[in-house]
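Here the structure is laid out as structure tokens; the discussion comes afterwards.
As written, the chains take the letters A, B, C and D, and residue 1 is the first residue of each chain.
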Amino acid sequence: MGQRVAIVGTGQTHHRSSRKDVNGVELIQEATSRALEDAGLRREDIDAVVIGNMDHFEGINYVDMWSIDGNGGLHKPVMKVTTGGTTGTTVAIAGYYHVASGLFDTVLAIGWEKNSESDTTAAIITCADPYWERPTFGGAVAGLATAACEYMHRYGITERDAALVAVRDRKNAIKNPYAHLRKQITVEEVLGSPILAYPIKLLDICPRTDGACAVIFASEDKAKKIADKPAWVHQVSSRHNYTFLTDIERSGRMPTLYEACMEVYKNAGIRDPLHELDVIEMYTPSSFAGLVWIDALGVCDEGEAVKLVSDGATEMGGELPINPSGGVISTNCIGATGLIRVAEAAMQVSGRAGEHQIEGAKLALATGFGGCSWSDVLLIGSAKPN
Amino acid sequence: MVSDEIVYHGKIKVPYEWSVGEYGSRFFYELKENRKIWATRCSRCKKVFIPPRKSCPNCFVHIGEWLEVGPGGNLITFTIVRYSAQTHITSAPFAMGIVQLDGSDTGLVHLIGGVDIEEIRSGMRVKPVFKEERKGNLLDILYFTPLEVTP
Amino acid sequence: MLTISSEIELPYNYSLGKYGGRLVTELKHNSRIVGIKCPECGHVYVPPRRVCGKCFIEMDEFVEVSNSGILQSFTVVYFTFLDPETGKKRPVPYGYGRIKLDGANSDFLCFLEESDFEKLKIGVRVEAVYNENRVGSFKDIKYFKKVEGSDPS
Amino acid sequence: MERVAIIGIGQTKYEREKRGETFADLVFEVVTKALNDAKIGIEDIDNVVTVSNDFWDGRTISSMAVTEACGSYGKNVSTVEGDGTFGAFYGLMRILSGSFRSTLVVSHCKGSEGSNHLITNAIFNPIYERAIGLDSISSSALQARRYMEKYGITEEQCALASVKNHKNAKDNPFSQIAMDICVEDVMNSKALSDPIKLLDSSPISDGACAIILADERMAKRVTTRPVWVKGVSHSADAYNLGDRDLAEPDALIRAAQKVYDMAGIQEPLREIDVAEIYDAFSYQELLWSEGLGFCERGKGGRLIESGKTTKEGMLPINPSGGVLSAHPVLVAGLARIAEITIQLRGEGNGRQVDGAKIGLAHGINGACGQAHCVWILES
């Protein structure tokens, strides 16, 4: 039952703060055609398409239908999945199940966003309960700020500790030609940047980006023919436990991410993720999240993430590099962000990440975050899974 | 009021500014400046698209060829809208339809006007009536009107 | 490059239902906050809702929780953004936080009186301040203010 | 395809306005019903797919509102935004992958909470179509006229679908609008957007529906009345209305061909015992009947006139009353699957089609049936 699945092609746009030269569908077509080109496939080789975004971000209802001209799905099965910030990873997981089911052999998964076309915070606020939460909720920045405030209190971490994450990711982005923000920053610059919502400052948080990403999933038989080095999907998992923002447990490791990681490790037989994983593409919407959520990946004891980051273990060349692509803090086309994590993880284990390649990467983890603690995790490897 | 019947009258008001893109901008520029309707043609399947596509949805190749279509066209289908809605830009009853301009393989949805709405028939020959003041959007065409109105 | 602008204003009649409605009614008439208790795990949820997700069981025991509690986390928002409810900029700075009301297990999200983050501390006791004229709304609670003499516990 | 069965279903009564209930309340009701129907507990469910739409719900990540109520705590969960038939399709694939034994699929919608015109206007191209004021009614009217004129279908023939389905609805305890009307009533009802009149149109509805899918092993263990999935397929057509010939349901024809191949069906009219199809407007029952191959192209009017699609006919269509009798968007397709399940179990009471063994359920996405999803189920 079920068939093995591999990633055989990826495509990204050059992510920018604004892409007025293309409409949304044309932006999607750029990523889609690049993924096809990467895999050496044509549109007619694709059996089905999965796409996602958040309706109120661009004000478009039924995006799967609207994007047909660019998503490659004309006269094919097209499905929309959406889970907020996690949408990109949710699209990838849906792409995986399309192929794993045996019903399709070659499936295109697409995430996209044109943040420049709207007021992102206004749109994000609408994810909160209209009555009990929207009046106070200040969007992703403020939501992540309340979490960051609590992390500082709980673990005694400082704004300076968190800044290390932003500095690392922005440094990595310089080597990624598709990244949005590609300029080195310093800890002092992060600390001195304008405060948006205490304790989050401008350089602690992800940017608003226009961009799209497409990833092609294929069955074992197809993958062997399409790609020299397919990136095999070993495990996928997702969790979402809460209705209200304030239902998220404050104690312990970020619960949904931890649960999803533990399920993936268990099913993959991973006992020591710090040493068994070669690279992580982590959905880190803020520097504080990029610090504390490492705990939930099970690669260190609770509260020890600061040490991993400050010791350089998560740098390129470190013991477990995190976000060689530059991560979310460098590029955040929201609906695509999770899928970029998956694409980058696949590029790493296929040895096709170019200048930001982690040498010898064989096993990569990609994570997604959205809404009130929605978590997706994918484990991707160069070796064919059992 | 019984507590389980409480309804909160809220709203979602978010502004959007959709990029028309390079191709759409040229299309609207021609409407605005020259009262002309331009389309693009796929080099592989030869299909002529309006609104203009930058790539062919079917062949998935880049499209570079532009051509003028219309101004005359055929009314493929239409409806007389008799209800009121916030989305309407003119008061009911009014007519809208799909017009296939001469030289194009696809149709364009627009208002049908300048005629007694009860006289509108599918298959009619129609042409665009442009607004005097044009802004670079689809409503630079006021409506499509029959070429010859039968008395 | 051209753009097409639109300000869609979508109206919604959001039902509060039996559970949310009960809290609104209590706020309006009795200046009280009520939660709902899971018969299985005993967790008290604010705002009240029908189902305990963890136990997947229907709840029907409304319980009064305190108007005061401990501040668990907070932020002060400085950047400006459009409020989707009004389409206008929301006034900043403003503080809000997660408050664990005495008698509740989940936190309650609410405005704080204080909007200087230097003066806010996790662990302080805060209490609800109600508006004089109550209309049956979440906003009947004006904000939570620090209880004088309260230090982080 | 491995064998997967529907082992439980739950529906709310569909109503114009469920003012006292939230999305979560509706979802809990139908999930509980589906679990009870399957005689299993939430612990027997290992993954969940919710279906909702952020425009209709007035909330980004609308599925968050039902997280607790759908029982997904601690489980793998995802959300499809589209008709419930598409959500169920994802639920099916998750089982076929071998990763899960049982998927709970639940869809909710409250049409009463939002503005139908504004929300369906937002389906259309914001650059080239939206400003014209299109919505679900006017766009469907463009399709109805094109179809009727191209093939000589009459308004009276379309009206027959409304008459039949509203009558059928009288035997369905979940339906919203059940009544005895005649063709003249439909013809004389208020003109909305020619040729569509009030009684050609589906109502605005609130409601929810849940189904539970299970692999063969689990299905055989827990139930004596599994309904098996014999085939399922979906397909999408072009987006801009002007790119399509609206009289030609190409996407449906493709989806139907594929699903008939999967299920080994050669003569759908004869081999299928009962069909529940997405008739948001009366003309759609005729047009979709053609796309599904129940008759030749252009013969949808004659098919309904022949009486073959009444409850006693050769292929009863919409014995539940169909979407014309209750139209909770996104839920409606899942309700079609639930209704076919009821039929194939022989539990339809007054609306039961005698001896139904093979059934077809159909859902649509987008404007004017841009995408279609077709299921073949067997008892």
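Annotations for the structure displayed:
We adopt the following convention: a residue touches a chain if its C-beta (ideal position, glycine included) is under 8 Å from a C-beta of that chain, and two chains touch if they have at least 3 such contacts.
Given the structure is predicted, the values throughout are model-derived calculations rather than measurements.
In terms of the stated touch criterion, the partners common to subunit B and subunit C are A, D, listed by label. The chain with its CA mean position farthest from that of subunit A is B.
When the C-beta pairs in contact are tallied for A-B and for B-D, the bigger tally goes to B-D. Inter-chain spacing, taken between the CA centroids of subunit A and subunit B, is 38 Å. Note on chain placement: the centre of subunit A and the centre of subunit D lie 34 Å apart, centres being C-alpha means.
The set of subunit A residues that touch two or more partner chains comprises 20-21, 23, 56, 59, 68-69, 74-75, 117, 119, 122-123, 126, 130-131, 134, 241-243.
Counting only residues that touch two or more partner chains, subunit D has 19-21, 24, 55, 58, 67-68, 72-74, 115, 118-119, 122, 126-127, 130-131, 238. Residue positions 2, 4-5, 7-8, 10, 12, 14-22, 24, 57, 137 of subunit B are each in touch with at least two other chains. Interface residues of subunit D facing subunit C in the complex, by the touch rule stated above, are 18-22, 24-25, 28, 42, 55, 58, 67-69, 71-74, 110, 112-115, 118-119, 122, 126-127, 130-131. For subunit C in complex with subunit A, the residues that touch the partner chain are 1, 3, 6, 8, 12, 14, 16, 20, 45, 47, 49, 53-54, 72-79, 81-85, 90, 96-98, 106-111, 117, 122-123, 138-139. Touching subunit B in their complex are the following residues of subunit A: 19-24, 26, 29, 32-33, 36, 42-43, 56, 58-59, 68-70, 72, 74-75, 114, 116-119, 122-123, 126, 130-131, 134. Interface residues of subunit D, counted against subunit B in their complex, comprise 19-21, 58, 115, 117-118, 121, 126-135, 137-138, 141-146, 149, 190-196, 238, 240-243, 246. Per the touch definition, subunit D reaches subunit A in the complex via residues 1-2, 24, 53-55, 58-61, 63-68, 72-82, 86, 89-90, 92-94, 96-99, 119-120, 122-123, 125-127, 215, 233-239, 250-251, 254, 365-367, 370-371.
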